[in-house]
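One chain, chain A, appears in both complexes that follow, with chain B as partner in the first and chain C in the second.
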Partner chain A sequence: MPYSKEIESALKKAKIRVGDRVRIGDIEGLLMPRVMGSPDHVIIKLDNGYNAGVRFSKSTALERSKTHEPKRIEEEFEYEVEEEHAKPSKKELCPPGKPPVALLSAGGTIASKIDYRTGGVTATLDAKDIFASIPELQEQVCFAEAVDVCKVLSEDMDHTHWQALAKAAAKSLRKSDGVIITHGTDTMHYTAAALSFMLPGLGKSVVLTGSQRSTDRGSTDAAMNLLCSAITAKSDLAHVGICMHANSSDDYCMFMRGTKVRKMHSSLRSTFRPINDYPLAFVWPEGRVEVTSPRVERRSNAVPKPDTRFEPKVALLKAFPGSDPSILEYCVKQGFRGIVVEGTGFGHVPTQAKKSWIPSIRAAVESGVVVAVASQAMYGSTNMEVYSNLRVLFRESGAIPCGDMLSETAYVKLGWVLGHTKSAEKAGEMMLTNVAGEFNSRLEEDMFLY
Partner chain B sequence: MCGVDNAVDYKGIGFKAGIEIHQQLATAEKLFCHCRNERSEELPLEFRRRLRAVAGELGEVDAAARHEMARGREFVYRANPETSCLVELDEAPPDSLNAEALEATLQFSRLVNASPLGEAHVMRKTVVDGSNTSGFQRTVLVAGDGFVETSKGRVRLPTVMLEEDSATVLEKRDGVTVYRLDRLGVPLIEVTTEPDVVDPDHLHETAKRLGLLLRATGSTKRGIGTIRQDLNISVRGGARVEIKGSQDLKMFPKIAEIEAGRQLSLIGIRDELLKRKAAPVNGIVDVSDLFEDSDCRFCRGKDVFAVLLRGFGGFLGREVAPGRRLGTEFSDYAKVAGVGGIIHSDEDMGKYRINELEAVRKRLGCDKDDAVVMVVAPDRVARPSLKQVLKRARMALDGVPREVRNALPDGTTSFMRPMPGSARLYPETDLEPIVLRSELLQSVPLPELPEETLKRLRSTGMGDELADKVFSSRRRHLFDVLFEKHKKEAKLIASTVEDVLPSLRRKGVDVPDDEVIAVFEAFFAGRIPKDSIPNALRLVGSGKSLNEAVSSFAVVGEEDVARVVRDVVAKNPHLEGDPKAFQKLMGDAMKALKGKADGSVVARLLRKELR
Partner chain C sequence: MPYSKEIESALKKAKIRVGDRVRIGDIEGLLMPRVMGSPDHVIIKLDNGYNAGVRFSKSTALERSKTHEPKRIEEEFEYEVEEEHAKPSKKELCPPGKPPVALLSAGGTIASKIDYRTGGVTATLDAKDIFASIPELQEQVCFAEAVDVCKVLSEDMDHTHWQALAKAAAKSLRKSDGVIITHGTDTMHYTAAALSFMLPGLGKSVVLTGSQRSTDRGSTDAAMNLLCSAITAKSDLAHVGICMHANSSDDYCMFMRGTKVRKMHSSLRSTFRPINDYPLAFVWPEGRVEVTSPRVERRSNAVPKPDTRFEPKVALLKAFPGSDPSILEYCVKQGFRGIVVEGTGFGHVPTQAKKSWIPSIRAAVESGVVVAVASQAMYGSTNMEVYSNLRVLFRESGAIPCGDMLSETAYVKLGWVLGHTKSAEKAGEMMLTNVAGEFNSRLEEDMFLY
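Then we have the complex of A and B:
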């Protein structure tokens, strides 16, 4: 964000650039870029470290300062007996005898670094930085490799990022005991689901992790999340999953199945929760892994062959009271091949209402579009029988029930399925097949609000 | 005053001091969320966190931050959902800045002639002692370039800030610190002075003046812990030392005097050490084998480590402040790294029953001018602790270390942590800066100055002595409310508020402000006599309703009083003509009226009846 035209031209005239020491009115300090704030205030970093906005008008005197920034007094360092905070050497990055783990970066808060002067956030990832800030990692793993796969905030991702990550993970798995992917948290569960489908026959774990508190603060959750992810990656589990804080304390993490996990809070550390499932395992930062799910795959020699074909023309729609079904007609007209509808409760859509969705769903199915229905209740399963409207939807109109599968997972799965077949009938069959643990045949009461 | 040695030439020794005051504000809600700004009795929530030092602005971890990180502390937080939401739990971004707190800060800025900034930016100040769940404190520079006038000249106030208060320590044990979160996020005004304070007494005067001006905003909290002052003190050739934790203004001169003396002693020691070419020797020596069969109970068979300080012999025992030696200063540093204390060669080994000192000295290659420092602790604690000792010894060769120190009750201080470096502040990216528009500034009312308040109180006719008492009272607001409404009986209101209420409280009767106001309403409405106000307050404060209290003391009409008085006189015919009849019968009459009539009315009618 630039300053106002007046300020920009005054700066240009005085040959002042961001970072220069300036004098404006009575105030002296370093000129900061405008990251936030009103455009007609010049932001100065004062010698005491505070930022101050100075209102600028035509009569404001703005000039380069003739004084120097006072020298920082860091006496503490002068007396140190030895340097304690050097960056780790290559040997420290990969301590002999430690299991090799690969680190892939997909951007997000966890891989972003703050510029302490401006407050601006930039995406960077340096395995050495991570190792330097989390010394406990050296006791657990060796970082065999660190690859920047993409630098995007997770809301900006699409299926091409999933495909790139799946390929990179498959490649890294050949050289390591497991893979950690750092990722923005907003859509991490979509990526986790995509990788679950795209990496069949996995013999090791692909662990996605991120942070809800940025790494510039002492309270960041990134350190424990990464540490627990490293421990999960070298464990004898073989799953794609998300490993993040289990609760508000820095006690332990949960490793959750990639197809049955969801971001459930915009800001809590413990935002990721298993839905219609138990966590696969609890993971302690000291190294303990406690398997909690009865449905786990163990480490094997299987080498995954990435299967990344994907049809992006799939929509995810929500049915709600008074919702207009013409949106379905629009999708069909736009050439969408699949539509996931988030129905209410057991999977209901407006049926006998004035604006019934049934004729539009029937028309879509008849034109070869796959329509799958998941429940916006999230917990529990869709049902085809309990109410007559459900029978109309699932028995008579050709919609596919998603059972206890999350609507987000159903969306990813439908894209993946339609990437594999042109036949709507075949796609329907695949949607009903448990490919990557997305269905759970037994739902237990304790899984609710886990 | 307070034992200050007036013989010290403070100008001559280059004494300089400044104050930093933190004053809590009594806003309804906290600074960056909508939690109640109050203390919680119950703390049912508990969670645990670790804070990590993070790379600072210069890619370096801040000195103070590293220092805390080296302690490897785990933090436990206890909270009440009424006073702590996700913001205090560091589980959600902050809400926007509390407007009431900003207004109070702007008011104070006007009182101290400080100019508000065009745009106030919320900053994060790195704090990793666990007192902020986030690892930083949010702080806003609101105004600058202010000043106050004092008897010894102008004291400049470079900054007026608004910031959030920290969490309170509940306990520290086994490397874990437990905090309560109700105070976290309470708004604070922070005002700092330039080092314009010229002597210890001036420190007291300046602190008092600033305290009064803060109070003048009418928005400050009162009571223990609601205001905290840090002192910055230095002498020529010394260094700025920040002293925290003194609540008592009257102690300031003594603290300043002792700190000035400490710095002068350290400078003196430095000069002598340099003359001797003293130097600490890098190298921590394991001397455990010498103590295998020691008579010293806590050394025998334990891990003992030692370092050699060349040329320091005799100085470790040198007193730098009352009851504190240079060795105590070294010990403070070592304790930070985990040992319980140090043993040094200037101490009396007899008290520890240590006979091995000579052997240790020999092992280290000591000459007679050298000193030895030992710690009894396992390797992982002993080494960092002795490193701290070596570091502090090296600092002694430069004189006075820049430190944050903790005030002790006797006016001496102990080391808390190194002075934080400047890499502690960076922008709070979760909040937009606040433009302080001129309309906003003009709408902020200028509060009454303290001297105006005193003048106003004295002009009410309650008498200067009582006026002064009300002025410095924490219950002044109650007087103001009562007097503003009725504009009379200033003396009655003041003495009730300042004498009656405290005396009732001492007896365990606490009368809430609104009940006091209600009792006065009843008095002004003529429903109870003046003399019955204390008793009415006592009843109300003990749980009786106002109506009950009023009916107990309802004013009896003059005719009724006259009738009672006539009865009393009639019952005592033998007193007729007795010059002392009035004194003898007044008590009887009052008793018969049970406090339902004013003494002056009774006296008038009794005199009339006796005539």
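Then we have the complex of A and C:
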């Protein structure tokens, strides 16, 4: 759907195309296509991840942006978090039996509504709106505080957002019995893994949740997910995890360990599944929590200390038939300090002639890059004892086997580990240490396709 | 475990390390580490993918290989296939009720035995051995011919092997009612997808199978998988597919569409699962075939014509939080003609500031590279109608949505498509056309985690 003739011709004249960075008055961001609604509003994607519609007239100055470097997002968050936290918490005012729970918002579908009238502009609900919209929540918990930590779409989260969320969660935990974080679902498991590493020794729970259908639709899963998350947050569990629909009916939710969970379906509400793990607990919206895992931590007085150092120069590459190992050399040249390879089966990579990954992996390791190998089969574990090719890979090339750790978790962990040490050897040791339940020494058959 | 002192010092003197390409007399290949057995045999990985143990004495000439280019594997296969096929088939001699079935071997665990005495050397069973070792097979089918097409480990398969297998299968189908291909499990689904595209208009079935436990172990799944595959090959179905254990008990197998199946567990026997599809059929070792999919093709007189043109310069990249889009530019510079991106959820890629993938994807598309986007959620489908970022990606940047097609299938399909046309536009059209059941227009909820 085109913009109005006026806008289209102004864009053409300025040689601006959709996706380009533009400036209209004070507003700067990426030019978006018109999707619906008024043809005389230009849609700009702001650096905070959301869209703005700017009314265009003949006098409107429209130009290609000269700065390609937006304001540091991290600083923005820090500021926002500080400001919100400066307000007094309501914890003291909570009545008996209504445990104080904090809600942090990180954007995503659960915080979005489409405004069909003005078109294309994504309106947003803040944490307080979310809380207020579900009366059942207020029956279960007391509203300690609500903080908008960031407003980005799931695909635009990165380690700076994880750091901001970890710090905000640690602060909120001091004022509450548990924290709920609302988040877009697409990359929620990456964030859950990051927070698992960044919030060690947690004495309470940090519960990530979201929705697969936006909150203004009848079929939304937001209400039950939030309710179950609140029940989890006040329970005696002490984990970073994801709490979402367990199945397609509106029965109950699963609370899943942050390092052992993955979005497995693009649209179903029961999309999040535990991988190589049982769910930590089933949670019913009426209030019942049934612990389902033999590996759970219980509530304690441990004070959370966020440990957010992170090295973003980490790659996640997939090895597959015919794959070109020169991509590893490219990553080394680009200054990447860590590479996670998704191998096949037990962790295999091509070993044949020109296409062999082994020399490239060895060269990377010799130049000080940490290379870890996970399995793209996803369930099960890497295993260096079965095939001789894998002995070469792991023993001789110095690659680190990821065991039953998800490749996505391994990617996040490697960034976190490399944020803590400059020594590749030490990083290798940390990768093999069970920091946040990312390794499960007791894999059971019924964990497959749970 | 080191080699003998003699060998270790000879290696040191020649500056040869494990993984290097070496020559000992007439034998050339990659030096492997010693794993077990005799310390005075040097283990060399040959270009055909298997290991050879070469006895070493003081007089043995051991040198770094000067040629880094092994003999063209493709030609080798062609030759082998031709030679084997030149022998008369036994089809004419089959008794009534014993349909002629051919068996092609492509290596893998099912064809491997570890020789614990000589150590490290991987012995191999050829197709005839496999057939002879299972008496029940001979009760179900008649042995039309057995051909060793290639002997490589699963991780070393590439498009040249797929081409050799497609040609061999097409030939064998003329002499039989169906073909079984034994194959390593790690990359079997890539091969199954390749054969699905390379063998259009099939009137009979090509059944890939393998084993998760080698045939000399008590727990091997090879016998039942082969038996069910033979029953599938003689059935009235006409599909390229994978036939392997349906569950952990030895009850029955599933026959799964070659374009909609994936190895999902590193070690369980029930590792292969249909993705966004029902299995084509359940197959019992006693002979029963129960069709379970509404989308099946039945046996016909169609003569298979292999269509094996393939462009190997295709990449498969994963997009994730913080991922660096410059890797796309690297692929374009390297002359890649196609790129499959594994996005998140409905097919999202990062769109934020410096880390936005959108400009890199558009630049790739503008330079004539075909970019297709699949979902790393795996189940479900890409969807450009829900979020505005995806409209930019798919409508404005020219990326092709892969729908419910697996990223691995999309990778194989894009190579096959680009083998058929130099036009990016035509390639885009072909990518969106349902060639071999890779798109399923009727996704059902119970296909999730089937």
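Points to keep in mind about this one:
We adopt the following convention: the second predicted complex is superposed on the first by the 342 of 450 C-alpha atoms of A that agree within 3 Å, B and C clash if a C-alpha of one lies under 4 Å from a C-alpha of the other, contacts with A are read in each partner's own complex, and residues count from 1 in each chain.
Please note the rule applied: a residue touches a chain if its C-beta (ideal position, glycine included) is under 8 Å from a C-beta of that chain, and two chains touch if they have at least 3 such contacts.
Keep in mind that what you see is a predicted model, and the values were worked out from it rather than measured.
Of the two partner chains placed by superposition, only chain B is touched by A:Ala223; chain C is not. Once the two complexes are overlaid on the shared chain, A:His41 sits against chain B while remaining clear of chain C. Of the two partner chains, chain C is the only one touched by A:Phe448; chain B is not. Looking at the shared chain after the overlay, A:Asn383 reaches chain C, while chain B stays out of its contact range. With both structures placed on the common chain, the touch criterion links A:Leu268 to chain B and to chain C. After superposition on the shared chain, chain A has more residues touched by C, the comparison being chain B against chain C.
By the touch criterion defined above, A:Ile327 lies against chain C but remains apart from chain B after alignment on the C-alpha atoms of chain A.
Residue contacts after overlaying the shared chain place A:Ser248 against chain B and chain C alike. Residues 35, 43, 49, 51, 73, 248, 266-268 of chain A lie in contact with chain B in one complex and with chain C in the other.
Put simply, chain B touches chain A in their complex at residues 47-58, 60-61, 63-67, 86, 89-93, 117-121, 123-128, 133-136, 139, 141, 144-145, 158-159, 161, 282, 387, 390-391, 394-395, 401-402, 418-419, 421-429, 432-433, 435. Listed in rising order, the residues of chain C touching chain A in the complex are 17-19, 30, 32-33, 35, 43, 45, 47, 49, 51, 68-70, 73, 120, 122, 152-159, 185-187, 190-191, 248, 263-268, 270-271, 273, 312, 314-324, 326-327, 330-331, 334, 342-356, 358-359, 362, 375, 377-383, 387-389, 391-392, 395-397, 408, 411, 415, 445, 448-450. Here chain A touches chain B in the complex through residues 26-27, 35-38, 41, 43, 46, 48-55, 72-77, 79-81, 85, 114, 116-119, 121, 129, 133-134, 213, 215-220, 223-224, 247-251, 266-269, going by the rule given at the top.
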